[in-house]
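The structures considered in this document are given below.
In what comes next, subunit A is part of two complexes: it sits with subunit B in the first one and with subunit C in the second one.
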Partner chain A sequence: MDIKDYRKKHEDDVAQARASRSAHGAPEEFLGRREADADTRAKMLCKMRMTSRNLGELIPLFLDILGNKSEAVTVRSAALDMLSASEFAGKAFADYRPQVIDAVRALASDKSPTLRKNALEYLAQQRDDYARDILTAAVTAPEEAPVDQAKAIQLLSLDDHTNAADLVRGRFEDLSETAKEEAAYILGTDPTSADKLSEVMVDKTVRERLRRIAAAGLKALDLQRFAERAGVVLVDRGDSARLKAALVSMAQTARPRQNAVVTSALDSAVETARSRTRSKTLKSAAARYFAAQRDKA
Partner chain B sequence: METIRRGSRGPLVARWQEFLGNQNLQNHPGAADGIFGAKTAAATREFQQRHGLVADGVVGPMTWAQAQALGFGGGGVMIIEANFEATAPNGTAYLSWAPRKLTLRLIDAQGRNPATVRLSSLRAIPLQFAVARTADGQPTLDIDLPQDSSPAEVWISGVFGEASTEDGDSGYRINDLASGVELASQPAMVRIRKNANRLADGERDRFLQAMADLNASGTGRFRDFRDMHVDAARIEAHFDVGFLPWHRSYLLDLERELQEIDPSVALPYWRFDEPAPQVFSTDFMGLPNSVGRVIFEPGHPFESWVTDGQLGLVRPMGFPPDARPPVIISEADTLALEPEAGETKYRGFAEMEGNPHGIAHTRFSLGSFIRAIGTAARDPLFFMLHANVDRLWAKWQWLERLRNPDDAQAFGTSDDNRVGHRLDDTMWPWNQIVTPPRPISAPGGTLAPSPLTPRPGLSPMVRDMIDYQGITAGDPLGFDYDDVPIE
Partner chain C sequence: MAVPARLRALASEIDRAAAAPDAAGRLTGYFEDSNAIYAGLGSADVDRVRSYALAALARTAPEAGIGAAREEIETGYSAGPLAAAARVVAALERPDRDWLDLLAAAAARVRGTDRKVWFDRIDAAPRPEIVDTATSDLVRAFIAVSDALGLRPADCAAILNNAPPAFSAAVRGALSETRPSLCCCRHHRSAPEWAARRPLHPEVWGTPAQDQDWRTASLGDRLLGRPAVLAFFYTRCTNPTKCSRTVATLAALQRRAAAKGLSGRIAIFAITYDPDWDTPARLHRYGTDRGLTFSAHTGLLRITEGWESARAAFDLAVGYGPTTVNRHRIEVLMLAPDGRIVFDTAGRPPETEGLLTRLIAACTPG
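Let's look at the complex of A and B:
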């Protein structure tokens, strides 16, 4: 590769970029196009040139739009999007944070379901009390909730002031399939849930993905029990090759910490699974498992 | 000839081991691996005893003389010593575009005068060679080694545009020019940070496995990297001129930890101004389900990913996985960022912290870990996003020729004169300072050292991160990007 030509190409590209830059992206342009359709206005908002120098001008504009109930939902969503982005653009955002939180809380009771959901997601990430209460209700009374049960469980897990594990543990069997998966992610690091995860991991009536999540959680909680249960699955001729491959890969990643607990029984189970299967995925996983064992020996 | 003894290493030792192996000794020296160990010492003592020499296991002038009388070195092949500074403990050399020094010494000319050797590439991925530290090396180099055994320097680098895909797919050999006999060789890897969307399957899988091993279901060293990028410490790394150097140091620290696990790994970058369907797939960074939970192929190393005591990743996408994310400005537009009146060029470029950097973070929907400063580092994609931020800075530095930290245009001035954002400030957490105005804890300790380079040191200053290729600083930091050359 000729570096001089390479440089020239880049210099030309940059010169062209500089030459084509216009006032496009300035707030005045957006404000001057009130007659444009909602999608166009939303796109203009998102293309606003945001720098640390103009945050003091932009953030109030975004807040105005967010709070304007007569503005289209897509434009107000775009304003929330830009407020999230402005958090990265400069320290000035910190001065506006309380106003942003207030504006988004107001959005949590908006008539638009999209905006209510967006607001809850934003507030959950900020570990906001108000969102916590609404999301908790969504888990216990999902019919009336602004977000579905699975999403509510997921958002609650972002907030370490919520004991999401307590909330889902007792009602696990009553949850929807997707909500069960979200619950399993939470229970996966709850020390009192090892028994439940152990049970789900080997239950062939349970969806495979849920079993994998349970296995990953059990691995994080109780390595020895994970190894024992994985051994049970691996030698079961009637169980899924995909699941077995996943368990073997999990066992491989745990190997550095497993010296005391990886028994020859697990190695034997992996070898049994490998020798019995035609699945290339499982054979590859087993090969990597044993190769990792040799590398670390 | 040089005296060798237990503990000595090198081609001369290997020749001595070969010679002993042909002497019908009861004590065989073992493989001619160039390492003078117990077996070689025992064989040496037996040889000495047999020939009435002091049986001390040390091969000095008397023992050499006896050996030569029996035909040692009679093949007319030079013996040289080669030491390459970019050699890892596993014996492989790890190179990038920045030239690294190979020191050669003639041990035994075997009558050759001049003692000319030829350096050339050993394997498919080529290297280039020069007698001075330059980016313009040649595919082969002939050099006369001084007869008095004083050192000669050769500079070796990867060839821009030709990166390795696996360990040992490159290397160099040194041949006696007159006879063509190979005198020494070393496997190498031209280890380069690449576009994640174009990785070979093996490269991708090694990176994923190394990250998963570092995470170790939440119990591994990854926890420190997650804890370095939290809300409480945000001003150490953001909203001021130190944003780019801090993140460069952060990525370097992580990459070196990954290379402790697997030295063939380099941090890939997510080119966020282009579609990246290979990245957003279930066998790489995963795809979200209906509630934004990231799903991976069964057996994927990230199935057991744990951060903050929680299993799994959340990353609902705000754009189709095979499309370019909207709103992010292009590479050309980023490189075209200009300062306002009175500002340095760097200050103008550093506005990229808003767009494309901040916009890239927020192309994922609300609830994504990567969308907020305080949770972004929970998601391994975050490191690939920042590798692209760093690549853009590296490319801008190359285009503008601003690699010298003493060039005023290469950096800027902190608006608030904030500590950690001035050229000669050390950076938290690697400086381990936990008194105000710094945060109250400093996770992770000092910056990970490298066996390949002494830079930037355990507690780097902001200025140490600017000249990453060692153009003025001498030694590089040990990484390069696939599309940013050295000049």
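Let's look at the complex of A and C:
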């Protein structure tokens, strides 16, 4: 999405939220409008203002809706959103937390894919054991999983103290392209994965986006190897200006220390890429790179 | 949903150990952070196995679990390990009063992460019939300690007034008001269990250590010749009462030592458990954020060669998952100028004043 479009969408969302805040719903109103359509009922839920005083009334209501399998998915999904938000509404949430976690765990095996995904997103953010077991199984046996493999890997990556890096490194070649991208983010937190990332960064058979993610990960793990590999890509006429511009931008903020050979080789590769290209993006990335080096000097 | 096979196998081993006549001896091995059974597991899975073992110890030989329970209750944030540790405390025949403060503080820490807990099996699939939470286990432990000491709510008013309301209400409701008052609130925290340790192998001093400013020197060059405080940490530690607090305590110690005129006469260093990840740039940022002022005698270090040997030489209680540390104890040592370990905090959080007093004594002639 273009940055202007993104800004407009964000401003619209804020305006919409402001407008909806002016008319707060109440539990009685929601309960009294059972005949209303699902979208209307979901909106009524989302309009409820939560305070530390009324959490004791609202959380049981949201839990009831969440557990009601005859209720529409949009309404149950809105109840889950409100439960997630209630964590910020006051200290009283802590007293309900075990019940909330329990209810959301039950939702992780719901027949609705949307609810399963939303539930696992919530639980993964809480570093929940049950969610981790499900997500780990989703990586190893995706055909039976409640969420797709890429989503499972993305959610496992929220905790860099799991064994997710080991899990995805071992089966990297078998993952879908989208799952590989999520896996590459995880590998960027794992020092033993520098070889794999280094290999992917220069692999022209994979999507460019995956190569960029691998480059960012390698930069976090091993600056020198990142610089060496970036140098290879920058002078390769077969690689796109867009990829090269991304690598130069990464290199701008991270020159390898105490290795003059690598540093001067990278400078030379950036200069070569700049001189060969017509891409404004790459030329301006190179200009920023050299300006930053002058500032550092 | 099936629990990972490795966890299930470990749980079966623990069940067998708990049923054996020498359960205490067999179960205590599960609380060694560097135990090879944990190699390659993520830290949350290590927590699950340790909790399971600790709960088994609570049922069979609680006295043998005091050390592990104390560490959890003093520094833990996760519901499972805290609940299991609380069960150990609740089962003690003669609990110490110190537990009361620690249990109330743990109840405050676990509020943001509490959940239902069970230890009759290791899988985490939802169980609607379960009502126990870490908070309810901590409440039961508090009541058990109070009962063992013959205390009533008024005796513990100061502790309960500062505890989470639900915890305090549950405790107050359960404790008898008819007992004679025996004040527990002016209790004195016992001094850390300082313990002298064996001398280090001389080869460790030749280990190259790079600091936050990319300078490499041997450990001997950095640590020998003056009294030193040496801690271990890693920047990716997620428990704020462990590594972050330890490095912040070193920063406070540095400031207090400078005010006492000890600058240049002592060394204060911390070595990362995670040298591959903790680059000099990360060390610099981590130390600066926690108030350390780097100098020739103060800094954060990464062992660039020979980390395994150094880890063995210092006898560090640390274990590793596939990516990073999966479990560690708090390790803060004080070294004499000749490199002997003269004190360690034995897994307890370091306290600035305690360390400062030791340093002043070490720098005072005679």
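The rule is short, and it goes like this: the second predicted complex is superposed on the first by the 262 of 297 C-alpha atoms of A that agree within 3 Å, B and C clash if a C-alpha of one lies under 4 Å from a C-alpha of the other, contacts with A are read in each partner's own complex, and residues count from 1 in each chain.
Following the convention adopted for this analysis, a residue touches a chain if its C-beta (ideal position, glycine included) is under 8 Å from a C-beta of that chain, and two chains touch if they have at least 3 such contacts.
Keep in mind that this is a model prediction, so the values were computed, not measured.
Contact with subunit C, but none with subunit B, is seen for A:H161 once the two complexes are overlaid on the shared chain. Touching more residues of subunit A than its counterpart among subunit B and subunit C is B. Using the contact criterion defined above for the overlaid structures, shared-chain residue A:T189 touches subunit B and also reaches subunit C. Contact with subunit C, but none with subunit B, is seen for A:R97 once the two complexes are overlaid on the shared chain. Contact with subunit B, but none with subunit C, is seen for A:D13 once the two complexes are overlaid on the shared chain. Touch criterion met: A:R132 reaches subunit C, while subunit B stays clear of it.
In the superposed model, A:E29 lies in contact with neither subunit B nor subunit C. After overlaying the two complexes on the shared chain, residue contacts for A:D236 are found with neither subunit B nor subunit C. Using the contact criterion defined above for the overlaid structures, shared-chain residue A:D267 touches neither subunit B nor subunit C, since it reaches no partner. The interface of subunit A with subunit B overlaps its interface with subunit C at residues 91, 126, 160, 189, 257.
Put simply, subunit A touches subunit B in their complex at residues 1, 3, 6-7, 10-11, 13-14, 16-18, 21, 46-47, 49-53, 80-81, 84-91, 118, 121-122, 124-126, 148, 150-151, 154-155, 157-158, 160, 178, 181-182, 185-186, 188-189, 208-209, 212-213, 216-217, 219-220, 242-243, 245-246, 248-250, 253-254, 256-257, 281, 285. By the touch rule above, subunit B contacts subunit A in their complex via residues 135, 160-161, 209, 212-213, 216-219, 235, 238-240, 289-293, 295, 298-301, 303-304, 306, 308-312, 314, 318, 326-327, 330-333, 335-336, 338, 340, 351, 353-355, 357-359, 361-362, 365-367, 371-373, 375, 395, 399, 485, 487.
Of all the residues in subunit A, the ones that touch subunit C in their complex are 91, 94-95, 97-98, 101-102, 105-106, 109, 126-130, 132-134, 136-137, 159-166, 189-192, 221, 223, 257-258. Interface residues of subunit C facing subunit A in the complex, by the touch rule stated above, are 1-4, 40-45, 48, 80, 111-116, 123-126, 128, 133, 164, 166, 214, 236, 238, 276-277, 279-280, 321-326.
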